[in-house]
Amino acid sequence: MIANSHDLEHPMDKYLRTDRLPHVWCPGCGIGTVLSCYLHAVDNLGLDKDKLVMVSGIGCTGRAAGYVDMDSFHTTHGRAIPFAIGLKAMKPELNVTVFSGDGDLFAIGGNHIIHAARRNADINVICINNYNYGMTGGQLAPTTPETAYTTTSPYGNIEPPFNLVGLMAVSGAVYVARWTSIHVRRLTKSIEEALEKRGFCFIEVLAPCPTAFGRRNEMRDPVESLKYFKEQAIVKNFVNPLEATIEPNKKFYVGKFVDLEEEMTFEDRLWLMTSEEFLKAPSKKRKEMILGVRRHVKEHMEVLLHTPEPTEEGGKGEGV
Amino acid sequence: MVRDVLTGTHFMNGDVAAAEGAIAAGCKFYAGYPITPSSELAEHMAMRLPQAGGIFVQMEDEIASIVAMIGASWAGAKVMTATSGPGFSLMMENYGLAIMTETPCVIVNVQRGGPSTGIPTLVGQGDVMQARWGSHGPYEAIAVSPNSPQECFDLTIRAFNLAERFRTPVVVLMDESVGHMFEKVVIPDKRKIKIVNRKLADKKMKGHYLPYLADDDLIPPMAIAGEGFHVHITGLTHDERGYPDMSAEAQERLIRRLINKIKVYEDEIIDLEFDEYKDDADIYVISYGISSRCSRRAVKLARDEGIKASLVRLKTVWPFPEKYIRNLAKKAKAFVVAEINNGQILREVERCAGAKPVYFSGLMGGRVHYPEEILEKIEEAAGK
Amino acid sequence: MSSEAKIIKLLRDHSLALPRGRVYVIEDRCKGCGLCIEFCPKKVLHQSERFNAKGYHPPELIEEPPLKVCIACKFCEMICPDFAIFVEEVSAEEVGGMEEGAECTNGGG
Amino acid sequence: MRVGVFICHCGINIASVVDVERVAKEIEKHPDVVYVTTYKYMCSDPGQELIKREIKEHQLDAVVVAACSPHMHEKTFRDAAKEAALNPYRVEIANIREHVSWVHEDREKATKKAIKIVRSVVEKVIRDVPLEPISVDVTRRCLVIGGGIAGIQAALDVAEAGYEVILVEKGPSIGGHMAQLSETFPTLDCSQCILTPKMVAVSRHPRIKILTLSEVEEVTGYVGNFHVVIKRKPRFVDENLCTACGDCEKVCPVFVPNEFDMGLSLRRAIYIPFPQAVPSSYVIDINSCLGLEPLICGKCAEKCEANAINYDDKGGRIEVDVGAIIVATGYELYGKENFPEYGYGQYEDVVTGLEFERLLSATGPTGGELRRPSDWKVPKTVVFIQCVGSRDPDNHKPYCSKICCMYTAKHAMLYKHRVPDGKAYIFYIDIRAGGKDYEEFVHRAMEEERITYIRGRVSKVFREGDKLVVWGVDTLAGKKVEVHADMVVLATAIVPSEGTRDVAEKLKCATDENGFLKEAHPKLRPVESLNTGVYYCGVAQGPKDIPETVAQASAAAAKAIDILSQPKLYHEPTVAVVDGDKCTGCKTCVSICPFNAIRFNEELKRAEVNSALCEGCGSCAVACPSGAITATNIRDDQVIEMVKSVLQEA
Amino acid sequence: MVGDEWEPKIVAFLCNWCAYAGADLAGVSRLKYPPNIVPIRVPCSGRVDPRFILEAFKKGADGVLIGGCHTPNDCHYVVGNFKAYKRYILLKKLLEQLGINPKRLRLEWISASEGRKFAEVAREFTEEIRNLGPLRLWGE
C-alpha cells in the first residue's frame, strides 16, 4: 500500500513549517533524520509546542530551526548556546533545545558550550557531528578524524579531533549521550530523556555528510555510511566518556555516558538569587541555598571516572 | 522586593548611575563580561539586579554577553550589556544580529584609549564610528552620549526607551571619565520616569502573525518566545514570515525598512544641547561626552576674549544631527570639533559644514582636553 | 522444509498473522537517498521507476504475504531525513482483509 | 630409617601372578627396610590392624603397602597409620595389582616388575617428610549448574539444609525437559503438575538465587573455596519488573518456531518460554528480533506498562565463591538428521518422542488433542520405533538410552487414551523395564491397551499418499512387516547436552567416550567426580529416568552438604615450598603457576607460595632455574632415586 | 638380563589424574601388555623434569614414556600438559644431540577412561623400543 498525494499529512507535519519543505539538506544527509527523531521525541512526550524553543547556529544543521513550527532562532555562527542561555534565563518555563553542528558548537562556539555545561544551564544540546563543515564546502572541523581529507586538509588531517562526549562530561553536563543517525529509536529515546531532564544535556549524533565529507573519505553513499555506523558502533551505556574516542575505521562507543541525578540548574540559582528569602538570608544560609542539592564537583568527577561496569550483584563472598 | 527606582539624591559615578538608570528603565536582564572601565557597572548590576527581580549573568566573553542579551530580549525582557572598546569590538557581529532581527537591547560602551588593549584605565572617545559602522552591511544606528553621572542615569533610560520603541540596539557611548566621575545624581520619583515598552504582537493574531510584517510606523510588533506565535528568527535576510529569502529584492525591502524606521524618526531621536550663546554665535564648538565639559569651559574663555563661540553638545551621537549642523552652517563662520580621537565626529561635521571651515581639537586618549587647547582652536577659527 | 516455509505453514495452521502497516510516500518530498529501502527489516520497499518533481525515484511497496509484508515498525518513517514516508498501523480486523487481497492497492501516485 | 613393607595378596588377585613371598624377600634386602610381611587382604580390618600393630612393634617410621592402586586405598592405609601414631604422609602405596598382576601373565616377569615398583616406592618413602594437612575455611554456598529436575532437586535439598544455592541455568527458564513432558510413566501423572510446585519452591526459596540465561565461564579454586565466574546473557526484560502480562508479545511482528514445542508451534521474538516458566518473565530472542543495534521496531517496549524491557541489557559477569558444585547439565536428543531412512525432517509426521510429548501435552500446540503436524488430522495408526540410535555401536550410540522403552509404552498408551479406535505399533529390540512398577506398566500396554509390540527393526519409512509406510521385520515371526501409518514416532537416543562437555572442561572433570560425565567410581562413588567438591546428577552422568535423577540429585546434594557443613576442610599438604635463600627473584614461577598460588614478595624480593591455593602440581619446581622450589614429598631427589631403583635389576 | 634375551627397560612417568588412572583402568579391565614398562606416579606431566628423563637414560632405560592428560582442557592442573609438551619437544632435540634416538622418548595423552589406549601404547612402545634395540650410551 503506497499512496502519494499532496493531501497526505506526515505525522510530524504538525511540528513542521511544511511550506518550507523539501528542506535544503542533500539526499541522505543525517540532519533530517535527527530532526525527525527530535520531533518524534517531542511527539512521544506530548510536549506543548508553544513551550518548545529551538535555537540553532550557522551551518547545515543550523538550518534546522527554520523548519520547525515552534519558536525557533537561527542565530549567528557559534552563538546558539549563549542565545539559548539568555532566553532560558528569562523564561525558565521554556524547553530550549540547541540544535547545531559540530563546527558551530565546538570550534567557533567551543567556549560557550563548555561554560554552559559548567553552569548546568537547563538547555538540551543536540550536536550533529558530520565530521566537517558541510555548508561551506567540506572544510576541516574540530571533529574531523585524523588523516581524513577535507577541502582544507587536502593532504589528510593532521589535527586530532575533539572527543565531544568526553569534553562535555568533564565540563559538567548532567546528561551526555552519543548516537548515530542509524540509531533512530535509541536517539529518540535519548532526546526524550534530555527533554525531560533538567540541567545541561548533551547528545552528539554522528551523521553522514555524503556530499562534502563522505565523497572525499570513501563514504559517498549515505547507505554505506549508515552501514559503517551500524558496524562500528558499540552500544554500551556508562562507558567512561573520556575513553569514548572516535577514530577512523575503528569501533566506537555509542550510548549514554553520563546521567546524573537532578540537581539545581543554572536558572534555578539565577531565580533563587532574586528571591527575598535569599537576599535577606545571612551569608551562611545563602551558601547553603546556593549549593542546594547540587553535588560537589569532585564527586561528579569521581562518578565520571569510575563508572562501574554494568554487572549484577552477588559479588565475591556476598550473600545472594 | 527592594525598590527598583532609588528615588532621591545620590553621590555616585557614571557607571553606577547608568546601572541605576537601566534598573529604573525596567531592565530585567544583564549579561556582561568584566572590562575596565565598565566593570563597576557590571558589579553594580550584579548587586542590584537580583534585588530588582532581574537576572545578572556574567558570561564567558562579550560575544556570549551580547548574544545572551539578545536571547533574553526575545524572552520579553528589557536587556542590557556593558563593555569597553575591545569588548565592543567583539560584540560587533551580533550587534548586527540585533539590528537584523530587530531586537531591542542596550549596549553601554564605556570608552577607553585604543586601539587594541590600549590604555584600559584612561579615557578615549575612539569608538564613535564603531558604534555607527562596527558591524558589516548597511544599517542605521542609535547612540546616546552622556557627559555626567546624572546623564548616565537619564540617557540610559532614554536608550531603553529608544530600543524598545524602535526594536533596535541602542548604544550608550560613555567614556572612562564620565564612567568613573562621582557627582550628584538625582533620581526622580518612579512615576515621573517616562518608560516606553516594545510593541507586542496581538495574541489574536496567533496563527496568522507575521513576525516581520511592519505596521505603518515601519516597526513590526514583536512576538515573545513561548507565547504560541512560533516565530522563526534568523540573521539571514528574511521575508515578512521570517523565512530566509536570498533575493536582492528581499534585501532591499528589509534593509531599507530597517534604515527608514530610524531615519523617519530622526527628529524624535536626536537630542542636541545648546548653550545660551546659541543664537548669538558664529563659531560653534561641537562636542560630546567628557569633551563637551572641557568645551564648555573653552567657550566661556572664548567669550571672555570676545569670541562669539557657542557649544553644541551631541546627547545623541547617532543618528548624526545632519540637518541641524547644516542649518548652523548657514550662519556659522566656522566649526570647532573637540573629541578624544583622531577625528570621527569631525568627519560628520565636515560633511555637513559645507564650505565653512572645521577646526579640530583632537587627542589620542589617555587624558581629557585642557580647555585652553580647545580655546586655541576657537581662536584659530575666529582668526585670532 | 525451509524454516520460512515452516513458519508460513504454522502461521496458516494456527491462523496467526503478522501485524501490518500501511505505507504512505509523499513522493515530492523524497530525495531518493534509499535509506528506507536499505534498512527496511522486511525488505518490502523498492526504488520505483517513477520520477518525482525533483527528478528522484521515490520508493514503492512490494509485499509478498504472509511473511514479506510491512509490519509497521516505522523505521522508515523515523530514518527518512525528508519526512517523505510514514506508516499507519493496520488494525487486527483489517489484517485479515489484507491477507485476502494480497495484491492490494500498490502505487496510488 | 625404619621402613615396614606390607605386601597384599589381594586374595589371589595379586598372589596368583606375583610371587609375593619373593617380593618380600627381595625387599627385605633394602638397608632401610626393617620389617616385611605379606597378608591375604591388607585392606581388611585384620590387615589394617596388622599394619598398626607392626608400626608400634617395630617402631616403624615409614610404611609401604604394596597392593592395589593408590586411588583405591591410599586413604585407608594412611588413616590406619595415623591411628598408630605414624604420620600418614609417610605411608606410600606400591601398585602391584592394576599395574602388575592384572595386566601381566608371566609370573617371573610380573614378580620382577613388582619388586622394582615396591623398591622404588621404598626409595620414595624413606625421603618423605611428615606433613600435616593444611586447613582451609569453607564457603558455605553451593553452585548448581543446570536447572532441570536434577538441578532443581539438588538446589532445594542443599537450600533446605541451610546453605545458599546459586542455580545457574543456560536457558531462559528452569524446568528442563521435564517441563516439556505430558505425563510421566509409570503413574501417568502430569509432568508439569508435579514439577511446577518444585519450580515455584525454588523461585521462592530465600536461599536460592536463580540465574537464568547464564553459563559458568570459569572455575578456579578448590573444594570449599571455588571461585566461579558466571556469564549472564542479556534477557532484555527485567525479570523483577515483568508481570508476564503478554502485552509485548501481542505486538511483536516476528514469528519463529517455538523450541519448547519442538518447533510445532510459533512464538514471537519476545516470548515467555512456557506459561509456568520460572522466572515468570518474558525474554527477547535477540537472534530473531528485528534488531537492537540499531533498534528497528521497539514496539514491545512501547507496550510494556511495567517498563520492564531494557534494550540496553548487556548481560554481565557475576563472580561468586562457592564451597561445592553440583553439575546437572542434562541431555539432548541425538540428532534427527542421523536417520534419513526414517524420513525425519522429510516427512512432518515422523516425529521424535519429545515432539510427541508436546503433541500430547495440554499446553502443547494442539492443546492436548493428538493431531499430526502435517494436516492436524487425528492419526488413526501410529508406529513407534524404539532404540533409534541407541544400542547401535556400529552406526550410532553403543549404549541403551534407558528411558525409551518406558516412554514409548507411555506414548502408545496415551495415544490409545486420546484415540481409542487408533492402532499403535511398537517396534522394539527388547523391552527393558527394570524399575518399580515398570514391567507392570509395559504389561498393561501390551495386554490391556492392546498395543501391538513387534520385536524387530524398521528398515525404512517412506510416504505413499498421505500415509507413511513403515517397512520392518518381525524377528519373532521371521517375516517382513509393512504398516501404513499416519504418524511415526522415533525414540531417539539421548546424548549429553552440549553444555555438559563445556562444563566438564571448565571444571576439569572427565567424561566418558560417549560424553557423559565420568564419576569417581562407577559403583561406590556414582555422584562424585574425581575433583573433590564437584558432584554429578541427572542424565549428564548417564541416561536415567526421573525418579533415578531425583534420587541422584538428592545424593549429590547430600555430598555437597557434607562439604558445606564441615567446620574446616583439609587441603593436601603436598605443596610447593620456596627456599628463600636460593630464590633469585626471577619470577618465573609466578607466571607459570596456573592457580596464582605464587606471589612475589617485593620487600624480600623472593617468591612465596600460598599453600592454600597450591594444588601441588610441581610445575614450578621444574621451571625454577635456581632449584629454589621443591615439591613436597615428590622432590627431585625422590623421583631420581625412584628412577634409579626401577632401572636396577630385580 | 636373563641370558641373551634382552628385554627393553622402559620408565613411565604417569600423571596421577589421567595416565596413571588410565593404567589403573587397563588393570581393572584386565588388558594385557608387556611388563617392560615400570610406572612412576607423578602429580602431573608438568612435574616431569627433563633431568628425570636424562637420569633414566643414564641409568639404563631404553625408553621413557610420559603420560599426561589430553590437551587442551583435561589437565587437572589446567596447563601442566602443555608445559610437559613444550619440554618434551625441546628434550627430543637435545636427545638427538646426545646421540639418543628421540623415538626413545614418547609423550602420550591418556585419559582416565582410556585403559585400552594405555595398554595399546604400552604394547606399541615396548615393541618400538625392542626394534630400536638396547640404548648404548657409553659406546659399548
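Order of writing sets the labels: A, B, C, D and E. Residues in every chain begin at 1.
By our rule, a residue touches a chain if its C-beta (ideal position, glycine included) is under 8 Å from a C-beta of that chain, and two chains touch if they have at least 3 such contacts.
All values reported here derive from a predicted model rather than from experimental measurement.
Trainee: Go through the assembly and pull out the chains touching subunit A as well as subunit C.
Mentor: Touching subunit A as well as subunit C, we find D.
Trainee: Could you tell me the least number of steps, going only between chains that touch, from subunit C to subunit E?
Mentor: 2
Trainee: Need the most distant chain from subunit C, centre defined as the mean of C-alpha atoms.
Mentor: E
Trainee: Of the chains shown, whose Cα mean is nearest the mean of all protein Cα atoms?
Mentor: Centre-most chain by C-alpha means: A.
Trainee: Which chain pair is joined by more contacting C-beta pairs, A-D or A-B?
Mentor: A-B
Trainee: If every chain is reduced to the average of its C-alpha atoms, which one ends up farthest from subunit B?
Mentor: Taking each chain's C-alpha mean as its centre, the farthest from subunit B is E.
Trainee: So how far apart, in whole Å, are subunit D and subunit E when each is placed at the average of its C-alpha atoms?
Mentor: Taking the mean C-alpha position of each chain, the two centres sit 30 Å apart.
Trainee: Determine the centre-to-centre distance between subunit B and subunit C, using the mean Cα coordinates as centres, and give it in whole Å.
Mentor: 63
Trainee: Which whole number of Å gives the spacing of the CA centres of subunit B and subunit E?
Mentor: Centres of subunit B and subunit E (C-alpha means) sit 104 Å apart.
Trainee: So what's the Cα centroid distance for subunit C and subunit D, whole Å?
Mentor: Here the centre of subunit D sits 51 Å away from the centre of subunit C.
Trainee: Would you please write down the residue numbers of subunit A that are in contact with two or more other chains?
Mentor: In subunit A, 182, 184-185 touch at least two other chains.
Trainee: Could you tell me which residues belong to subunit D and also touch two or more other chains?
Mentor: In subunit D, 294, 296, 298 touch at least two other chains.
Trainee: Which chains touch which?
Mentor: The set of touching chain pairs is A-B, A-C, A-D, C-D, D-E.
Trainee: Which stretch or stretches of subunit C touch subunit D in the complex?
Mentor: Touch residues, subunit C against subunit D: 1, 3, 6-7, 10-11, 13-14, 16, 18-19, 39, 41, 71-73, 75.
Trainee: Show which residues of subunit D lie in contact with subunit E when the two form their complex.
Mentor: Against subunit E, the touching part of subunit D is residues 69-71, 95, 97-100, 102-106, 109-110, 112-113, 116-117, 120, 505-506, 508, 510-513, 518, 530-531, 574, 592, 594-595, 615-619, 621-623, 631, 634, 636, 639-640, 642-644, 646-647, 649.
Trainee: Give every residue of subunit D touching subunit C within the complex, in rising order.
Mentor: Touch residues, subunit D against subunit C: 251, 253, 255-257, 263-266, 290-291, 294, 296-299, 348, 365, 376.
Trainee: In the complex, go through subunit A and note every residue touching subunit C.
Mentor: 1-6, 8, 10-13, 16, 21-23, 25-33, 35-37, 40, 181-182, 184-185, 188, 222-223, 226-227
Trainee: Note which residues of subunit B are touching subunit A in the complex, please.
Mentor: Touching subunit A: residues 1-2, 28-29, 31, 50-51, 53-57, 59-61, 63-65, 67-77, 79, 93-94, 97, 224-236, 243-244 of subunit B.
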